[in-house]
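Read from first to last, the chains carry the letters A, B, C, D, E, F, G and H; within each, the first residue is number 1.
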Amino acid sequence: MSRRDPSPESALSDEPLRIGRHEFRSRLLLGTGKYPSHDVMRACHEAAATECVTVAVRRVDLSGREKSLLDWIDRGRITLLPNTAGCFTVEDALRTARLGREAGLSELVKLEVLADPGTLLPDPVATLEATRQLVKEGFVVLAYCSDDPILARHLEQAGAAAVMPLGSPIGSGQGINNPRNIRLIKDSLRVPVLVDAGVGTPSDVTLAFELGIDGVLLNSAIALARDPVRMAAAMHHAALAGRHGFLAGRIAVTEHGRASSPESGKIAAATR
Amino acid sequence: MSAPITIEINGEARTLRAPLTVRELLTELALPVERLAIELNRGLLPRTEFERALADGDRLEIVTFVGGG
Amino acid sequence: MSRRDPSPESALSDEPLRIGRHEFRSRLLLGTGKYPSHDVMRACHEAAATECVTVAVRRVDLSGREKSLLDWIDRGRITLLPNTAGCFTVEDALRTARLGREAGLSELVKLEVLADPGTLLPDPVATLEATRQLVKEGFVVLAYCSDDPILARHLEQAGAAAVMPLGSPIGSGQGINNPRNIRLIKDSLRVPVLVDAGVGTPSDVTLAFELGIDGVLLNSAIALARDPVRMAAAMHHAALAGRHGFLAGRIAVTEHGRASSPESGKIAAATR
Amino acid sequence: MSAPITIEINGEARTLRAPLTVRELLTELALPVERLAIELNRGLLPRTEFERALADGDRLEIVTFVGGG
Amino acid sequence: MSRRDPSPESALSDEPLRIGRHEFRSRLLLGTGKYPSHDVMRACHEAAATECVTVAVRRVDLSGREKSLLDWIDRGRITLLPNTAGCFTVEDALRTARLGREAGLSELVKLEVLADPGTLLPDPVATLEATRQLVKEGFVVLAYCSDDPILARHLEQAGAAAVMPLGSPIGSGQGINNPRNIRLIKDSLRVPVLVDAGVGTPSDVTLAFELGIDGVLLNSAIALARDPVRMAAAMHHAALAGRHGFLAGRIAVTEHGRASSPESGKIAAATR
Amino acid sequence: MSRRDPSPESALSDEPLRIGRHEFRSRLLLGTGKYPSHDVMRACHEAAATECVTVAVRRVDLSGREKSLLDWIDRGRITLLPNTAGCFTVEDALRTARLGREAGLSELVKLEVLADPGTLLPDPVATLEATRQLVKEGFVVLAYCSDDPILARHLEQAGAAAVMPLGSPIGSGQGINNPRNIRLIKDSLRVPVLVDAGVGTPSDVTLAFELGIDGVLLNSAIALARDPVRMAAAMHHAALAGRHGFLAGRIAVTEHGRASSPESGKIAAATR
Amino acid sequence: MSAPITIEINGEARTLRAPLTVRELLTELALPVERLAIELNRGLLPRTEFERALADGDRLEIVTFVGGG
Amino acid sequence: MSAPITIEINGEARTLRAPLTVRELLTELALPVERLAIELNRGLLPRTEFERALADGDRLEIVTFVGGG
């Protein structure tokens, strides 16, 4: 290594996250729900330096009084990812995805087919069926799913452009309940793996990336934090910390200590 | 001058003068065309078909993007 | 909140870490041992943006051939923290601390009195005794100790300027084995609490800061990583992530999911 | 002109001409004064006492900073 | 409570585990593979007091030299549970199940349809399809599956008589990697839930039962232990410990201590 | 192994727990506080098959109305272990220990010197000093302490007959917060190591014994359970499960699965 | 007296005298009827059909229980 | 016949006839000797000294075993 030291910048070189024809330098995807205000949301998107945010598809306000969410999203920097949040059947998910594409002129869709309003857990069977259909229709499907490694494989084989296993239930803040499964999924898939749902803290995000995954999508952890903008900035750093911690190759864990200072050259020990 | 028609928009029944195209309806409702999408009787209605005339009993879903996770 | 969005910078405002008369903007303290080369070490110090590094006190090389470590440390930005690493008795720790002060013209000392070369665990009794003596002699003592919350209080009462409980054994990479104890220590002390030893990954650092502690000191996790400079940069981000995650106030953990998207305004559900 | 003296430096015995001060010894060993510290017979020797003459049998520890965690 | 103290026996009253028309007093199901010898296996079955063991279906030894495993199983006390271990397709699982029924004259089958020989993880899609078919054919299906709570519901709806989520991969000894999922499964199903695979230690078994589940099936943890018979006895106690710990209702977890001895009636404190 | 199968009993052979001149076949020590009634307490002691219980020393009720706790303890089977619960100074602990010996005619004492009523955590410095003094006075000291491995060594060197590190704060039910420390303590001491305080569930007890320790003392986990007698029986089994699980030698943990059924002899695979 | 037949048993080809029923085969192989099950040409063969005569080219799977988890 | 004495028992002041030994006091209080222990003026009072006469101003702690963890 030369005496010209690498700067932190070069130390942090990384390839972009690629999903379909899209490229993202930031590996943190955010939501647009539950913020105290649209202004705070926009500030959080900036603080997190995100380049992709999910949006829900809902009936337009016929009174026309509501201002459009999109006025607070810089479409130049940020890609919209329509989702099918709140759908409990394959058909509703398909209809919502089609409406989202028509409204957003984008083929991207975050597919959620949930089993019930109580657990908000994804239905593996319905999600697989909807993925097959949407792929047929030309969608670029990011499939939200459980952390069952074999289900993730089926979704990849069904044509999903990315697989998004949950860390824990949506909005629960439990973090990554089964890191081994997340690693298994990453190790056996070729498409990008993004952890979606359940993240509560920056360390959850850092840990997720240390498992080798390609991205994290979160919403409540920022939107409902006491200071959302600060938390957004924290999440930005957490993603970089975990991603580069993974790329840098951690030290091995040992049962006993290993000295950090030289054993030799000590002054003569005092006679005890 | 034809009789008025009753259609359902986002679950609400509305009585409107006919003939009326989808695009005319949007204008009447002061809704921006570019950020919304429409389902007519459970099927997606592409923008290219917004000139289509509405018929009595039609059911419309007009959606846009809102905050979500 | 005004429409002028806060920038990430303002989102990351924080007070400095104060130890004795010293102030540090970076809350990450690094070591200087076990790096592949002095050049890599310096690059790591830069990438981590550290402002304080520990150094060991050892017999000078009489051959005069060795180049001085200090030539690779920018004394303008970085404060030296002499340590008593490798001392197993109170007397040796005192002698080493005095030599360090004389050589470094600084009253700072990281006090380590270890029980044995096998575990490298700190001796609580000897550490407490040595702290009392060094404080008498005017040292600013950063006391390395176990995570026993009551021992930490005794060290504060003995005059330690900072208490440094271990996350796990030195160099083990086990991380924070008992987060509850670390939090208990932070909550019951007035002096700064720094987690020292055991950190293996960026997520360990992020988690430590999320517990509320004031700083982290690490060495092996960077020096022995596959790519030390990248890991140093990762640790820098990990510290910011955890610190601001703590300040921002995390969401509560719930047993079940909470929707991120609105329940209302859904399109009419397909008849199942 | 006195007889040579034998002192121990960092555990090694050395025979040196006398009289010899600590500072002279450092010069002889080509060691930089500023970055090191000295223990004489188990007690710290402040820089201010570097002019002190070494005596036969003295035990010196001359230390500096090295990499450590 | 009367002065006639309940005996430990009455303290341990419990209803039997019911699967199909079968009733088991022991909630510990064992395997029959990988033991050092048939004698050791039998001793383990006794020490664990098991009443149900799984057996694999394989080609008969045409040389006729092999002694039959069944000679070491007391059919009077122990019910045979044929499994489809080693099947990677629905069809092979169906054929194996049918052969097992014909050979064992029992309608019980532990259904395993694995995804690949590498991970040995169950295939959720194939398992669901095979369950539907076997239920049609009158089998009493115990379905081995991942810990995806919604998949477990689908298996129940498909007619499985019991659902057997894994704690972790077969033979890995990792224990229960996602206790929350196991609890979610138990709380949303009516049929018995048995944890199958991954158990390594008695505490894994105890923890599993504390989650409320109805039974545990394990093999390697006993068969490959250094002292299989002692481990079998340990597992027997572990099952009782966890089951009755669950029924007895644990104390709540508190962040801080609560005294076990009275605060009043202390002798006058020494003046400090 | 002969065809005469070992019975569960012989599978569970074990040496007694030896403390001072006392021998206990049961490795579970219980408290006598916080039970719904003396009758329930006695039933719990029976259900847990304990042979040693701790008692507190308090001012006698001068009204003479209170019935003596000791009437509910079978002194023939159960050894009394007076404790110094509630003492916050060395002197009060010494006075209480002496009174306990005088009242109980036993030299056994469970030494507790707590730091404050808030955390109820043991004071390492005061505990060490009190141990030295009580050993001088001929007491057989069981020293309650933190899980600092080096402190535990100091207590052994001070003459403690047994060292009792906490799993977590008294009555918190948090379980074993730092299993590695407990194992380190056990591996470096010759005197018996008993886990005291913090246990909440049978699996906590099982896990503690799997670490190799010699005994567990608990009170609240049984006394405050919804069904104390059933929980006592569960704890009895938990102790046997963990102890013999430790002696039997667990299987290794592997990252991936290992088949329990033979790979050979499968029927010809269906052509997929 | 008919010609011998070749059948496959558990993957091995065997030439046998005909006529031969499944039950006779089992007896010849000294296999206990009660603890095994048989597949004939990929389909389960119930015990009730063990009197059936084997034909040239038949493929048999004869299985029993072995240790497994 | 001497004057009454006042002593403190478990924090409560009591006036008692004198002379009175510790054992007599216990009898008076109907306390069983075998399961209790006594501190007299902060020092342990062994059973062997229960015949000792109490003096005015003595402070007694009389303790026994109660439930604890």
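We take it that a contact is a pair of C-beta atoms (placed from the backbone, for glycine too) under 8 Å apart; a residue touches a chain by one contact, two chains touch by 3 or more.
Note that the structure is a prediction, hence the values are computed from the model and not measured.
Trainee: Quickly list, by label, the chains bordering both chain D and chain E.
Mentor: Touches both chain D and chain E: A.
Trainee: If we look at chain A and chain G, which chains touch each of them?
Mentor: Intersection of chain A and chain G contact lists gives E.
Trainee: Is the number of contacting C-beta pairs greater for F-G or for E-F?
Mentor: The greater number of contacts lies at E-F.
Trainee: Indicate the whole-number Å distance between the mean C-alpha point of chain C and the mean C-alpha point of chain G.
Mentor: 73
Trainee: List the centre-to-centre spacing of chain B and chain C in whole Å, with centres computed as mean CA coordinates.
Mentor: Centre separation, chain B to chain C: 62 Å.
Trainee: Touching at least two other chains at once: which residues of chain F meet that condition?
Mentor: Residues 31, 33-34, 56-59, 83, 85, 95, 99, 119, 121, 170-171, 174, 180, 219-220, 223, 255, 259-262, 265, 267, 270 of chain F touch two or more partner chains.
Trainee: Using the touch rule from the top of the page, what residues of chain H touch 2 or more other chains?
Mentor: Touching at least two other chains: 11, 39, 42, 61, 63, 66-69.
Trainee: Among the chains present, which pairs are found to touch?
Mentor: A-B, A-C, A-D, A-E, B-C, C-D, C-F, E-F, E-G, E-H, F-G, F-H
Trainee: Quick one: which bits of chain F touch chain G in the complex? Just the residue numbers, please.
Mentor: By the definition above, chain F touches chain G via 259-262, 265, 267-268, 270.
Trainee: Chain E touches which residues of chain A in the complex?
Mentor: Listed in rising order, the residues are 115, 119, 121-125, 128, 146-151, 153-154, 168, 174, 177-178, 180-181, 184, 188.
Trainee: Applying the document's contact rule, which stretches of chain A touch chain C when the two form their complex?
Mentor: Interface residues on the chain A side: 1-3, 5-8, 11-12, 31, 33-34, 36-37, 39-40, 42-43, 46-47, 49, 56-59, 83, 85-86, 88-89, 91-92, 95-96, 99, 117-121, 169-174, 197, 200-203, 205-207, 210, 219-221, 223-238, 240-245, 247-267, 269-270, 272.
Trainee: Show which residues of chain F lie in contact with chain H when the two form their complex.
Mentor: Those residues of chain F that touch chain H are 31-35, 41, 54-60, 62, 64, 68-70, 80, 82-83, 85, 95, 98-104, 170-171, 218-220, 223.
Trainee: For chain G, which residues count as touching chain F in their complex?
Mentor: For this pair, the touching residues of chain G are 11, 39, 42, 59, 61, 63, 66-69.
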